[in-house]
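These are the structures in question, set out in turn.
Both complexes below contain chain A, partnered by chain B and then by chain C.
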Partner chain A sequence: MTERPLSGLDAVERGPLPSDPSAPAAPAPVEGQSDHPSVAALASRFGPAVQGHRLMAGDQTVVWIAPEKSLEILTWLKDDPAQQYDMMSDVTGVDYGSGRPIEVVYQMFSTVHKRALRLRCRLPLEALEIDSVAGLWHSANWLEREVYDLFGVTFKGHPDLRRILMPFDYAEGHPLRKDFPLRGRFSRAEQTRRALAQDVERFYGSQELAHGGPPQQVPARTEPEAEG
Partner chain B sequence: MAERTIEVSVGRNPEMGVDGFPAASPMRPFDVPEPRLDTEEMLINIGPQHPATHGVLRLICELDGETVMSVTPDIGYLHSSFEKLGEYRTWNQIVPLTDRMDYLAPLIYNCAYVMAVEKLMGIEVTERCKVVRVICMELDRIFGHLLWLGTTAIDVGAFTPFLYAFQQRERIYTLHEALTGARITTSATRVGGMMADLPEGWVNELLDFLNTFPDTLHEIDSLLTRNQIHIGRTQGVGAIGAADAINYGLTGPNLRAAGVDYDVRKDRPYYDYETYDFDVPIGEHGDCYDRYLCRMEEMRQSVQILHQAIARLPGGPINVQDPNISLPSKTECMSDMESMIHHFKLITDGIPAPEGDCYMAIEGSKGELGMYVVAEEGSTKPVRWRIRPPSFVNLSTIAKLAEGHLVSDLIMINASLDIVLGEIDR
Partner chain C sequence: MGLGDLLPGGGTQKSEGGLGMFGAGSPTFLTTKIDFVINWGRRNSLWPMPFGTACCAIEMMAAAASNFDLARFGMERMSFSPRQADVLICAGRVPYKLAPVLRRIWDQMPQPKWCVSMGACASSGGVFDVYSMVQGIDTIVPVDVYVPGCPPRPEGLIYGLMMIQEKIREESLSRHFEHRAEDPALVALAKANEAEIVGLTGPFGNSTQQEKLSGAPTDDNSA
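Presenting the complex of A and B:
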């Protein structure tokens, strides 16, 4: 008897590949001074939690921060009068593949100082967790849900962490991971079988159905009183 | 950055009375005492297949009578995993994916994507290409706003502006077709330039459009701006304050209607937008009516920008003169050995990128459109290609905007956000 070949479900249950220390590192911060006023302020205030910075694409400053301190740093960047990054343009993830850490990327803009800043946070595959910033910027709510959906990063403290683009009962994993095959983890036959087995009612979750209470009774119709 | 002057007022019409209705109108709203009814909360599903949701959007509404208690949007019905597909394609092969996201303003997406890639690679496009791309983007801003205008007017019961707007859109379709060969899926840009230069006589056709379009816009304006029904359905509906609008991530006309002076063309200028003379309309109430006024004015300003761009359109090549980036011409390819090798390398390998990432934000027709590309050293395909979707973030505010309004207002609020589901679901 040969060993049973791995099915799509095994890949889901096995979970993400562990970090591979031998893989070449993703773009790393460089030493040196930065013209961006937020970089020096961040380094002097948070010290080792700010892991470095680098100038990308000519004029875009990227700062790497430690995920444990991310909420503290982002709160300060939003509230400090010299920073005031009041607009969270984008929250997204980057997976470099071959076991390297998944990065969460924040694109921020200050409408007061007219300044942009990009923060990147490295999360090892064993601990894909970071604090949610949806309480600071409402715009992060859906953006973090998308990162959770497509990369499997858990945002701690998020008010409503559900899948957003994929179906809520999607069982094949997180599609934007590098170890996710383009056509999905399940075979075409399995995908078809699951599609045909769907129940129309499943599109209302039990939570949604509880919204309206028990089915409503139509009250008996009463004739309006004749006006005299 | 040039100091900004806002000369255009899009505030309330002075001929309106204080109650927001035309002072001279014989029609007045009258109060009907609300009947006392015992109502229960009710769960109503709108969409995903419903014309008023402007795409395959599903809204789960919790209602008390006709009042919306909460809205939960459900998206993802049109998810095509463009970002995943992009990781399997070379830089230039991604361009056709971009115009399938926002098929209402495809040229803006074509331009935004290649701008991000060019910035990542440090490619400086030619002067002619810059102006041509500005023309493309401003033309499609009108294109996108016209569709919004027509469909939104239908949602509040005005059918005529829809016909007027689509007549004008048809003319832009024709311009698209002459420029790119396609009416919707334009795929007009390439890294380092355009698919082709402007065809002969195209600028004159564009000028012809620009000279007659403002008259139609004025006609639509006269049908809606002081129309009592339109005012009644839009003023005070779905209002949001300036600080909230920023915090909720609204961008584009939706943000500016709330009184926030943020336009990517002015605040983070690209392609010499600081040298064009145009105004950014700012609203004050943040409601559906101000969003309408902002978009109407933006179309007029786009016409101004287009006139200026045509006047300064320089000659010279449209593509970067670098054989490692731009494809050689067919004649060169068939007669010159070296050109053929370059052609072969570009088609089979693609353009190598340096290590790094780049976030390019531009002012799309729906808001701040960001393209984020990540590359490793020498990679001819992106490690990650991310679209910062303006409609996606704008739509996430609908729960706040619609709370406490009537169901019919929910339709208007949804329309006024100007969403396109192809880009929300990607």
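Presenting the complex of A and C:
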């Protein structure tokens, strides 16, 4: 019997493979100086908690930091007058597969100094925990919920750590992880059953429901005065 | 097209020009079948409930706009309230998170109602054979007409709606409950049962292979 070449569908059927360990690794810090002013300031202030830096995607300076110190470093970057990264543009995650650490990426911009900076924290798969920065930047609130939803990173101290994109009672795991099967873990019939059992109102938190104000009271019906 | 043209027997009461049956010299009454009149009314005043979730909805809007002008077929107004709608046009992909919403909108539409599944995504999941996508809305609501394409052109949608009109023409009031009644006990349940879901989505390589992939549910199902 001749071997049939694999079609795309077969590959899907076979399920997720462990990613190739020889695949290009996650970008790593490089030696040398950076001309980004925040890099030197970070290194002199936090020492070993700043693990290195690299210029990526043209002119984007990336700094690797230790996750235990992330809240301290980010608070300083926001409040120090020479830094003032007052805008958190994005918080996201990257899974490089093969059991490599998941990286949480912070993309910040200083509207005062007109500078952008990207921070990355490596989190080993067995300790996917990092401090939440939702208290520093409100924009981080939903972004961290998204990283939690899709990668399973727990943000300690987050005010409202719920799923945001997947249904609130999604039980199949965290879909953007490399070990997640493309079609989910349940059968289609089970997925349909679970989907229809959802309570649509529960997509909204109490805060969102409160935007419309308290529920309207229908005024009590008053009988018209009898004439004459 | 006046009622006179549509009468069984070809509207023989027609006089020169215009609507003969109400013109001078013609009788002021006509006889017909109640099925015929009701179906004539129903099929020429179908109000669509647009459930446009993705790119297909753009073509649905084009079909409603002046170049193609869905209003010519009695779809005078897109009814954004399901309570005033007759035909649900599901245009675009439906993720599982949206499935109960689609189901509720269908349940809110009054009888009689029909459903058009527009495009590859709504009909079968299309290229989105992934964890988050409903593999064909027929697993959730009953579908009358599938319009193929990615996206279907407005002509395609109009043809699909004309097929619904044709279907209505064939219906009979006396068999209404046979065709249309829904069991209230089934509301909020999948329209298709488990075997049907596997059968409907299997030919697209979807559901039957699922078991091979299925692992045990993960522990981290906290939410």
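Following the convention adopted for this analysis, the second predicted complex is superposed on the first by the 168 of 228 C-alpha atoms of A that agree within 3 Å, B and C clash if a C-alpha of one lies under 4 Å from a C-alpha of the other, contacts with A are read in each partner's own complex, and residues count from 1 in each chain.
Quick note on the criterion: contacts are C-beta pairs under 8 Å (C-beta built on N, C-alpha and C of every residue); 3 or more make two chains touch, one makes a residue touch a chain.
Fair warning: this is a prediction, and the values are worked out from it, not measured in the lab.
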item: Partner chain in contact with A:Leu182 - chain B first, chain C second, else both or neither; value: both
item: Partner chain in contact with A:Ala195 - chain B first, chain C second, else both or neither; value: second
item: First (chain B), second (chain C), both or neither touched by A:His174; value: second
item: First (chain B), second (chain C), both or neither touched by A:Phe46; value: neither
item: Which of chain B and chain C A:Trp76 touches, first, second, both or neither; value: neither
item: Chain B versus chain C as contact partner of A:Gly152, first or second or both or neither; value: second
item: A:Met166 touches, of chain B and chain C: first, second, both or neither?; value: both
item: Contact residues of chain A, present in both the chain B and the chain C interface; value: 163, 165-167, 175, 180, 182
item: Contact set on chain A toward chain C in their complex; value: 9, 12-13, 15, 152, 162-163, 165-175, 180-189, 191-200, 203
item: Residues of chain A defined as touching chain B within the complex; value: 26-27, 56-58, 60, 62, 86-90, 92, 94-97, 105, 107, 111, 114, 116, 118, 137-143, 146, 150, 163-167, 175-176, 180, 182, 204, 208-209, 211-213, 216
item: Of all residues in chain B, those that touch chain A in their complex; value: 1, 40-43, 45, 60, 62, 72, 75-76, 79, 81, 83-85, 88, 119-120, 122, 246-249, 251, 260, 262, 267-268, 355-359, 361, 368, 370, 372, 374, 376, 383-384, 386, 388, 392-393, 396-397, 400, 425-426
item: For the chain C and chain A complex, residues of the former touching the latter; value: 96-97, 99-101, 103-104, 129-132, 134-135, 139-140, 188-190, 192, 194, 197-198, 201, 205-207, 209-218, 220-221, 223
